[in-house]
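These are the structures, in structure tokens.
Note that subunit A is present in both complexes that follow, paired respectively with subunit B and with subunit C.
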Partner chain A sequence: MSTLGRLIDAPFEALQRRLGAARMPYVFVAPNLLVFGIFVAAPMILNVWYAVTGGTQLMPAERPFVGASNFGELLDCDQFGVIASCRQDRFWRAVANTAWFVPFQVIGLVAVSLVTALILNRRMAWRGFFRAVFFYPVLLSPVVVALIWKWVLQPDGVLNALIVAGGGARVPFLLDPSWAFSWTVVISIWAHMGFYTLILLAGLQAIPADLYEAAEMDGTPHARVFWRITLPLLMPNMVVVLVLGLIRAVQSFDEIFVLTGGGPGTATQYIVQYIYETAFANQTHILGLAAAASILVGGVLMVLTMLQLAATAWSKR
Partner chain B sequence: MSTLSLRGIVRQFGPLRVIHGIDLDIAQGEFVVFVGPSGCGKSTLLRIIAGLDQPNGGQITIDGRDVTGTRAAERGLAMVFQSYALYPHMTVRQNLAFGLENQRMAKEEVARRVAEAARMLQIEHLLARKPGQLSGGQRQRVAIGRTVTREPGIFLFDEPLSNLDAELRVQMRVELTALHKRLQATMIYVTHDQTEAMTMADRIVVLRAGRIEQQGSPLELYNRPANKFVAGFIGSPRMNFLDGQAVGGRSVAFEGLPNLDIPAARETTEGEAVTLGVRPEHLAFTDGAGLPGTVDIVEQMGGESYIYVTLANEARLTVRRPGQTQLHAGEPVRVAIDGAAHLFGRGDDEHAITPRRLP
Partner chain C sequence: MKTLFRRAALAGVAAFLPAFAQAATDVRIMWYSDGNEGEVARDLLNRFEAANPDIKVVLDNVPYKMIMETLPQLVSSGQAPDMARVTDLGGQADQYLDIGPLVKDRAYWEKNYATTLPWLRPAGNTTGIFGVMTGITTTMPIVNETLFQQAGIPLPGPKATWQEWAVAAKAVAQKTGVAIPIAIDRSGHRVSGPAISMGAKYFDGENPALVDDGLKTMTKLIYDWHRDGTMSKQIWGSVGGTAYRGANEEFANGQVVLYFSGVWQFPQFAKTIGDAFDWHGVPNPCGPAACSGMPGGAALVGYKSSKHPAEVARVMDYMASEPVMAEYLARTLFLSPHAGIAAKGVAYDAKTPQLKKSLEAAQANLLALSPTAFRLQGYLRNRIMFNALIVRLNQAIAGEMSLDEAWTRMTSDVADGMKAAGVR
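And now, the complex of A and B:
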């Protein structure tokens, strides 16, 4: 054994003599557990405390207990379905925007990732290069993604320059609510699809080649091979993509915040931006409301995820 | 039932040629086994016949129709894969019906064929299960059932028994032979197991390095191997080989051993380097003239015995005797030829020198 090996082993051997072999696994998970505790578990517990306390104090001990009144304020609307009648209309505006954004983004993401994975799974020249190209945006910082696209989309940006050069009129991509919304969907898909493509590609490669050969011997048309063999066998990966994509879509914030700042108006303000601004960016930091909103979002995500997993389990029967 | 004919089939991957111009005719209803060691090209040849791989040269005709370059589905063949290649998410019934539904066959006909195949292969009680819930042998039956429902002109089998345990392999071998008798179908079967080839084939095609070494009925290959490779490949335990030199057109001389009279030596020239080949069952122990040696290991199989002998010149022989032997390890023995002896040249092809039975 090397000197380094002996050096590392010695303290662990001493520890094992003291604790016994059965307790050693806890020693190895302890560092990760500590990090998880400080950065995940403790904030979650704190968040619950903030949600049931009021005022603008940051220190938990100084905050007065208010029970469910933060949740009450968020859910308080005079008229059902009318955002303007709600006490926290900005919350409901963000919820509505997110409710529009998520299905477009997730369906688009899954479709684009699937098509890309299917293409990249074929035998083709430069396959490794193209796989890298599609994964590349995932490596970019969200801020960089936003700045690249801002440079493309702004009134005197690259895209408008091309349109003008082609004889067209400038399009206010980031200033028109519909355009801005559409671009947040597109950019969000572009920035994240590489990761999901990779998951689907792994799933495609795990399907044994002889199943396709058997299908070929059977004279199965291409479309039927896709619907009856590829897709069912890719389902486990599709569920992973769907669940992760859905959670990520609801959490969308950074690149969109840098690109549009939630605008024009509140057209691209999604729920996480509302939570961020309520807690940290507005003049008064209403931590209780923000904490309550994040618990509501977490609850909705959990329900959606469980529904998806249940649907998958059911379809497998 | 179809006939198949291959003419000058060549397949190469880049600069590497794996099939060197194979010519072969397979008659209607024949059970032909391709056998050979790993990498001999037998599976590649089967895939070329199936249409899953395309040859770089040559012609394939099925029932007189040139199918070279046509898609697999257009050739009217069905294949059992080594891994079975069952669709894991479909039930056995769906697996059996899938290929038929592709052809837009009437539902009643699909149901009839599935029921017929299930009955024939005794898998009726498994129709609602998925492949993951079946044993290896059951999966194998389903894979065969899938080809049976297609009613193909030629059945192709790619080492279908290699994933089964020994007992099941013997059972499936018998069932496949029975299936062939019953369907009277043309079957091409690939294996590296010479026992499967010997027991099932009407005709064995022995391949090595992309070439046909010899083809014929199992006993033709066994009794009259064309060269040392075929002689060594067919038969278990393997044929014994002893290198020597032809002497006086009558006998063969071995280093450190007495000369042996071999009738085939008549065809040799004086001093020609030859290899003597004798099957283990064609050797016996004698008190008279023979090759002196010592017993190494004795394997008692009950009904027969394998005795491994090291000769005086360190060469090793396997002797197979009926019944239970009284010999023990370490015992001195003399080994004599008691049956057919083969002589092979020692040139590149190691061809057989007119093997004759000893009187």
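And now, the complex of A and C:
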């Protein structure tokens, strides 16, 4: 054993003699649990406390208990489905925007990532280079992503310059609600697809090559190979991509906030921006309302994820 | 041997004692700049440090966003810096340090800063000294006169109404092919001056009351201007929520005929535009009630949580002293919060005719500000009204709701915000 190994072993051997072998696993997971506890579990518990307390005080002990009134305020609508009738109409607008954004973004993301992974899995020149290119946006800071696209999409941006040079009229890409919404979907897919492509690529490479060889010998059409071999064997990875993509889509905030600030109007204001603005950006920091909104979103996410996992398990039967 | 060692150790400690005795107290200031204020403040504070070797002033230059969003969190959690330069004057006034008992000459403060001291006082306090304004600002229009000359259209006169300015600016834009006739900063504070000119009162007795006929008139004008192209959606439409959006880049690029912002834009326009075109500030457009903008400005405040209140007061005394404040104002081109300096006139370091003309217009605009504007600026919870105004008006402009609905929502937003803030 090397000197370094002995140095590391010594304190652990001493600890094991003191605690016993059965307790040693707890020693090894303790640092991770500590980090998890401080940065994940404690804020979650704190969030629940904020959700059931009122006022604008930051310190938990100074906040008066109000029970479920923050939830009541969020859900207070004269007529569900009519946003204008809700007391917190901006919350419901954000919910509605998110409910539109998520399916478009997730389906688009999975489709684009799958096609890209299928292409990058083929034997082709410069394959390594292209894999790096598609992964590159993932490495960029969300703020950088937003600024790049702002330069492209603003009224005197690159895209409009090309349109005008081609004889067309400027398009209000970020000023028209429909355009702005569509671009947030596109940019979000562009920024994150590299990561999901990588997951799917790993899945594709794990599919045994002899299955494809057998299909080729049988003269199976490409489409049938895809539907009968590739897709079923890729399904575990697809589920991972779907679940992660769904969670990420609901959490969308940073690049969109920098790109549009939620505008025009509230056309691209998604739920996390509502939570952020309610808690931090206004003069009165209504932390209780923001915490209640985040718990509601967390609950919906949990239900969606469980439904997705259940559907996948059911499809395997 | 033992004695020798002990003596050597004592000698070593003694050798370091003077260094400890001389160690300066750090006073940390969180500071933001629109232009060169940080640079000027640092220069002035270097002189303060030279004269006061027992105090070291650490100037943390941060983005404005950090002052607005991070600083309140630090203050609430007891982690505030010793001092900060803030614009939300009343937002956390209950956390400001009352330096009244610590300043050298209380009468000097009360005489020279009488107008602005109340802006920094928490509710119910009528005597405390909680900081010093680092310059007064006023919101006002800045025009691109070259475009008026090119269009052959004269600048509207000093008592011209908002409607007259809108007609003129639109005509200039049409003749010169400029995209934006009028740009107003996307900010509730900026809209409030014109609204007060139209008769908005903002208060019903002692209570905040945002929506009245005056506010409706001005918001309707802004709404209509977005419909008929007098204002471009490029400014207000490109962001949402409470986000601020200025049009300084568009103005500097010659794309705006009239830009309604404030005096803090002058230094950067002098730098970025130079003499590329003739720009300058003009008198505030009028409405039936006034020709008003909004006063404003940033204040240097200390926090209760500071461990060095006496040192904070000394720094504050220095920054508020007449020669220092006069030099600061002259170099940063802000209007004077100091009555004595205002009476004598600030010897501005204005190198261009545009700057000189703009500062003259700003001084005149400051004198013409409506008392309602001063009251609103001094109101602790004014940002609740500003935010409600901007968010809902923007939604109406974006077509998400009618103006009537927007006004109703403004009223309920203010009521909710006041309730959350504990204002009855």
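Simple rule for what comes next: the second predicted complex is superposed on the first by the 314 of 317 C-alpha atoms of A that agree within 3 Å, B and C clash if a C-alpha of one lies under 4 Å from a C-alpha of the other, contacts with A are read in each partner's own complex, and residues count from 1 in each chain.
What we mean here is this: contacts are C-beta pairs under 8 Å (C-beta built on N, C-alpha and C of every residue); 3 or more make two chains touch, one makes a residue touch a chain.
Everything numeric in this text was worked out from a predicted model, so none of it was measured.
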Exercise. Mind checking subunit B and subunit C on superposed subunit A, clash or fit?
Worked result: fit
For this session: Consider the C-alpha centres of subunit B and subunit C from the C-alpha centre of subunit A, and write down the angle between them to the nearest 10 degrees.
Result: 150
Problem set entry | Contacts of A:72 with subunit B and subunit C, given as first, second, both or neither | neither
For this session: Would you sort A:208 into first (subunit B), second (subunit C), both or neither based on which partner it touches?
Result: first
For this session: Mind working out whether A:89 is in touch with subunit B, subunit C, both or neither, as first, second, both or neither?
Result: second
Seminar exercise, completed: Per residue count on subunit A, the busier partner among subunit B and subunit C is C
For this session: Once the structures are superposed on A, label A:277 by its partner contacts, choosing first (subunit B), second (subunit C), both or neither.
Result: second
For this session: Go through the superposed model and pick first if A:232 touches only subunit B, second if only subunit C, both, or neither.
Result: first
For this session: Return first, second, both or neither, reflecting whether A:56 touches subunit B, subunit C, both chains, or no partner chain.
Result: second
For this session: Examine A:221 and indicate which partner it touches, taking first as subunit B and second as subunit C; both and neither are also allowed.
Result: first
Problem set entry | First (subunit B), second (subunit C), both or neither touched by A:37 | neither
Problem set entry | Minimum C-alpha separation between subunit B and subunit C after superposing on chain A, in Å | 50
Problem set entry | subunit B and subunit C contact sites that coincide on subunit A, given as residue numbers | none
Problem set entry | Residue numbers on subunit A that touch subunit B, as the complex places them | 208, 210-211, 213-221, 224, 228-229, 232-233
For this session: Using the touch rule from the top, collect the residues of subunit B that touch subunit A in their complex.
Result: 50-52, 71-74, 77-79, 81-83, 85, 87-89, 98-99, 102-103, 146, 150
Exercise. In their shared complex, at which residues does subunit C touch subunit A?
Worked result: 68-69, 72-73, 76-77, 88, 91, 179, 233-234, 237-243, 245, 381, 383-384, 387, 391, 394-395, 397-401, 405, 409, 412, 417, 420-422
For this session: Mind listing the subunit A positions that touch subunit C in their complex?
Result: 54-59, 84, 87, 89-90, 93, 154-155, 172, 174-175, 177, 260-269, 273, 277, 280-286
